[in-house]
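Each structure below appears as structure tokens.
You will see two complexes here that share subunit A, one where it goes with subunit B and one where it goes with subunit C.
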Partner chain A sequence: MAPDQVVLQLTIGTSFGLLLFLLASGFTLTFGLARYVNLTHGAVFLVAAYVATSLAKQGQFVLAVLAAAGTGLGLSMVVYLVSRLRWSKLGADHLSQVLLTFGALLVFAELARVAWDGLPRSLPEPRFASGSFVLAGVSFPRYRLYMGAVALVLAAALWWLQERTTFGALVRAGVDDRDMLEATGSAAKPLFAAVFGLSGCLAGLAAGLGAPVIGASMGQEFTVLVLAFVVVVLGGPGNLTGAFVASLAVGLADAFGKALLPTFAEFTMMGLVVVVLAWRPAGLFGAPQT
Partner chain B sequence: MSRLRYSRHARLRLGSAALLAAVPMVLAGCGAASSSDESSDESIKIGVLLPYTGTFGLYGKPMEAALRARFQVAGNAVDGHRVELIFEDEATDPATAVSKANKLVDQDQVAAIVCCATGAATLAVGPVLAERGIPQLGPIPNPDGLSDFKTAAVAAPTAGHDAGKLGTYAATKLGYRRAVVVASDFSYGHEVAESFQKAFTTAGGTIVKAVFAPLGTNDFGSYLSQIPDADVTFAGFAGADAVRFVQQYDKFGVKKRIPLIAHGPLVTELVLNQIGPAAVGVGAGFYYSSTLSNPENTRFIETMKAANPKFVPSHFTAGAWATGSVLLDAIHRAHGDVRDGEAFGKLIRQTKIDAPWGVLQFDQATGYAIAPTYYYEVVSAGDGLRHKVVGEMA
Partner chain C sequence: MRRHLALLAIGIALVAVPFATDGFHLVLVTRGLVWAIFALSVWLPLRVLNLPSFGHAAFFGVAAYSAGLAVTRWGIHNIFVAVGVSVAITCLVALPIGVIASRLNSVSFLLITLAFAEMLRSLALRWRELGGSDGLVGVIRPRAWPLPVNLTEPVAYFYLTLSVLAVCVLVLVVLTRSPAGGVLVGIREGEGRMRALGYRVPAYKTFAFLVSAAIAATAGVLQAYLNRFVSPEELSALVSARGLLIVVLAGTQLWASVAVAVALTVGEDQLSSQTQHWLAVIGLIFVVVALLRGDDGRRVWARLAGGRWHRGEAGRPAEET
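After this line comes the complex of A and B, so read on.
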């Protein structure tokens, strides 16, 4: 592979990997902290993406992304409140969580289909980020750089929130040992609510920022969910650094896989999962299960 | 206090259970438009299996509207015989389609079944109806595989047929010598890619590279960066993949180097304006475009727009309309006696009518429609994009 091709695939893979991180970070937080498998994540992304594409008028881009984030937040809180009705059962039982959130995923997706006729939609990129520039002898869409940069800033903010604030310390304590956290006098439930909200907000942001590239379409609720699962399993549940590294690895594996072995591109991502899990069963940064 | 707490919890529990139970029911209520007009013993019943839920769920309602509209134009009757349509949801699922087909035959005693918009459902229902001697009529391009059944017919040419015509046209009329083929990695993509490839090479062209991308590919960037120099790219994508592919084909600068041509669904009216300016200049080979100028297409679009001003015509609804015309004409030639399924199936295959895309008749040997195939280009017009028909492909 020629050096300029390597640069090009690195750029494509990194920009897509950063979007993946936004998409999966919320999922990994709920999974890690609340030990809650929130399958609704995919449908939250779908509905938020459709909301963003409804604000497709020129000059409304920022509004569209914010609306998507708000939609994500709102839907996630709905899931949280429904879960709270049977928290004693749901809190500990993964199978019940999967059943409830998968049902909610189907309901959200069906509502989206009715509301937007099930047709694929897209969001025009903002004017300041439209067009292409030449990279390694090939045109490269300018918007992808902006998308990557914004995702990077959000990732940094998330890192700061988790590593440098009391909220982050409590979340990390909850991931490591929820009982011990409660024994020190911090209630886990409000923390869960906040993490659910944050998670939905991140899914919405990913949907809004990603809309000019991947748009909104039926079926996304599942593809997004699979991607989020891959990132979480690779990185280790609840570990943001792990999710970040895993997202970039998946993005790059995907880009190079498509360029070098287009016929097997579908397998490169899953191949990565197999290799990593054989090597580290708890994921790249996950603590060994006790 | 404790009782109070308990009752509050119980109420919430009950409430949530009721809510969860009610939502799917409401959804099922909106989705499955299983309905029947007031039936009388003399009326001729036609069953219609369309997808109202699942991946293809978006096509059910518009296609139902087009079929109903076509029958309404005829006064829901042929030579004084009342004709009644009974719709069922095939749910984009072959197993559901088969059980609904059996229900339509056993319970509703339909004379024929329009089936289906989902390729897999069409093929699953095929042998069931053939065995029972009930005519099956496909409303849109269905995959090959119904030719063995004497009572089956499809009111549209196969996707492969149109892609093949485009292959010949690209090599001869458009003068392209070297082509790249990029298509969806499932049956539809392979069917159009293979047909294009075969016709293009037979006409003297060469295929430089063929790439198949998985269904639901989000990022085509890496595929696009590997497209070698060629005279033209042929694409075989539909739905959301089509939107993303055409947009990214432009964004990654390939469109400036190599023109893009495709089988119709890549730039169908349903996705065209979502793709945006990236679609301008894309060429397509297909049997239908809403901009075709003929009296039947005008009648179809005007009738539909009168009922719903926001109606967007596409080959799905045009196909449903033409299917209605075929049935009405066949019932007329049967003098209203459609009890013998094999005879009715034969009459359906002998139909020759005006469809929104021109004359529609059937290949007597296979049952698939013989229809003209057009080449058109996407042009920008005023506030949106539209097709500009260049001509019919020989």
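After this line comes the complex of A and C, so read on.
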């Protein structure tokens, strides 16, 4: 692999990794706070990506991304409200959560298939970030850099929300000890609803921002979900810092896997999972298992 | 007593199926039995170790592809050899996954098993030698030497599937009643204590995982020769989810999963002939089952079945065979 290729794949991998962080952080937040495994996350991404591509006219890029975020928020709240019907059981039992959210994933994916005829679609790159530029002899795709930068800004905003606001303090308290949080007089339910909404919103943003690169197509609900899972487990479930480091690693593994072994790209990912989990079964930043 | 009667009734009903139905429904019931075998493989980690696997489609699919390649490429024309080869290949694939997954907690276990299955699926979709998204075609049913039967006849294939199911049930019953099965239950109830007692917990878990993968592989081989076709869909999350659904609906009883699997398969066939959006209906079924399922529901099942009901936490059911 030539050096300029390496630099290019590093760029692509990093920007895709940052996008993955947006998707995985919602999943890991919901899991960390509510102990809820939300498989619907993949279908939320899919529907949001389709919504973004249906606003494909040039100049409406920002609108498309915002629409995707709104779609994500709405769909995630649907899952939350359905789970609310029997929270006493669903709140504590991962198997029930998985069955429910997998069912919702199938329903959302089928709705998307009906609404958009099951055809793959894409969103054109916005005019202010299309094409590529040459720097030090390497040609960089402009949109990839833009996407990575926006995702990085959003990740910083998420960090600020988590570490510097009252809302974030409540969420962190809930992750550590939910009973103690409720004992101090803060209800956990509105917090759960907010985190579900936030996680859907982040998935929608990831779908909208990613639409010019990966587009929207059936089957995506699983391909992105799997990448998010790998990020979450490698980083340590519920841990945002871990998710950030792991998403960069997964993004790079994905980019180099696709560049080096086009057919067997998955092997690099599987190798990464096996090596990291053999070394640290609880994930990079996860608490050691008891 | 009533449990044994129910078991006997299901057994007699299954043996009698070929005399009571036409060819089309016989194939449908055979498919239901294949799903029952697959459900047994999901039952083992879930009920004995309390580890929900969302990735058994990986073993089902790898074995189906191996079985397809055995007759189309490798020139294997005996079903028992094909089963042996496919199970061996599947166990080779399952070993690294099992070694890694057996060290994880139940949620990470679920996520990682699903991730591995999906990665294998996208691999199969792009691997041209495996037919890509078209799958493997031209899979013919091999001979059953030394048995004097012709497997291309639906009745013979039905009885073969039924016998394999019986063998798998027997393996699980023997395993759960063996000392090793006791150790597995001990791990479920108190992993730290078993470790303190000196048991090699990850080794036991990996062993159970491999047995379970081998059973899923057997189901995959039978599926490949039943359909005479292997598609990447055998590796999809829907396969794993269906296995989990059957086990959850069946409660703790092994034999109930056979009845549920056959009923679900027939129902799904009816559904897919009624509407082209049957996936959405299946999705709604998952949602409803998740909302209604619970200790109460299981208690009703257990009483209907006449089985003993042990107190158990959610998702940590009683020890049953």
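The rule is short, and it goes like this: the second predicted complex is superposed on the first by the 272 of 290 C-alpha atoms of A that agree within 3 Å, B and C clash if a C-alpha of one lies under 4 Å from a C-alpha of the other, contacts with A are read in each partner's own complex, and residues count from 1 in each chain.
As a convention for this text, contacts are C-beta pairs under 8 Å (C-beta built on N, C-alpha and C of every residue); 3 or more make two chains touch, one makes a residue touch a chain.
Everything numeric in this text was worked out from a predicted model, so none of it was measured.
In the superposed model, A:269 makes contact with subunit C only, not with subunit B. Contacts of A:121 after superposition: subunit B is touched, whereas subunit C is not reached.
Once chain A of one complex is fitted onto chain A of the other, the partner contacts of A:3 are absent, as it touches neither subunit B nor subunit C. Of the two partner chains placed by the overlay, only subunit C lies in contact with A:281; subunit B stays clear of it. In the superposed model, A:138 makes contact with subunit B only, not with subunit C.
Within the superposed three-chain model, A:185 lies out of touch with both subunit B and subunit C [touch as defined at top]. By the touch criterion stated above, A:213 is placed in contact with subunit B alone, subunit C being left untouched. Using the contact criterion defined above for the overlaid structures, shared-chain residue A:256 touches subunit B, although it does not reach subunit C.
When both complexes are overlaid on chain A, the residue A:12 reaches subunit B alone and has no touch with subunit C.
Annotation: subunit A residues 82, 85-86, 103, 107, 110-111, 114, 223, 262-263, 266 touch subunit B in one complex and subunit C in the other. By the touch criterion stated above, subunit A contacts subunit B in their complex at residues 5, 8-9, 12-13, 16, 82, 85-86, 103, 107, 110-111, 113-114, 117-122, 124, 132, 134, 138-141, 143-144, 213-215, 217-220, 223, 254-259, 262-263, 265-266.
Contact residues on subunit C toward subunit A in their complex (touch as defined above): 46, 52, 54, 96, 99-100, 103-108, 110-112, 114-116, 118-123, 126-128, 192, 236-238, 241, 244-245, 248, 277, 279-280, 282-291, 293-294, 314-315. Interface residues of subunit B facing subunit A in the complex, by the touch rule stated above, are 12-13, 16, 20, 23-24, 27, 30-31, 53, 55, 57-58, 185, 211-214, 216, 218-219, 221-223, 225-226, 239-240, 242-244, 247-248, 251-254, 256, 270-271, 274-276. Within the complex formed with subunit C, the residues of subunit A that make contact are 31, 37, 82, 85-86, 89-90, 92-100, 102-107, 109-111, 114, 222-223, 225-226, 229-230, 232-233, 237, 262-264, 266-267, 269-270, 273-274, 277-278, 281-283, 289-290.
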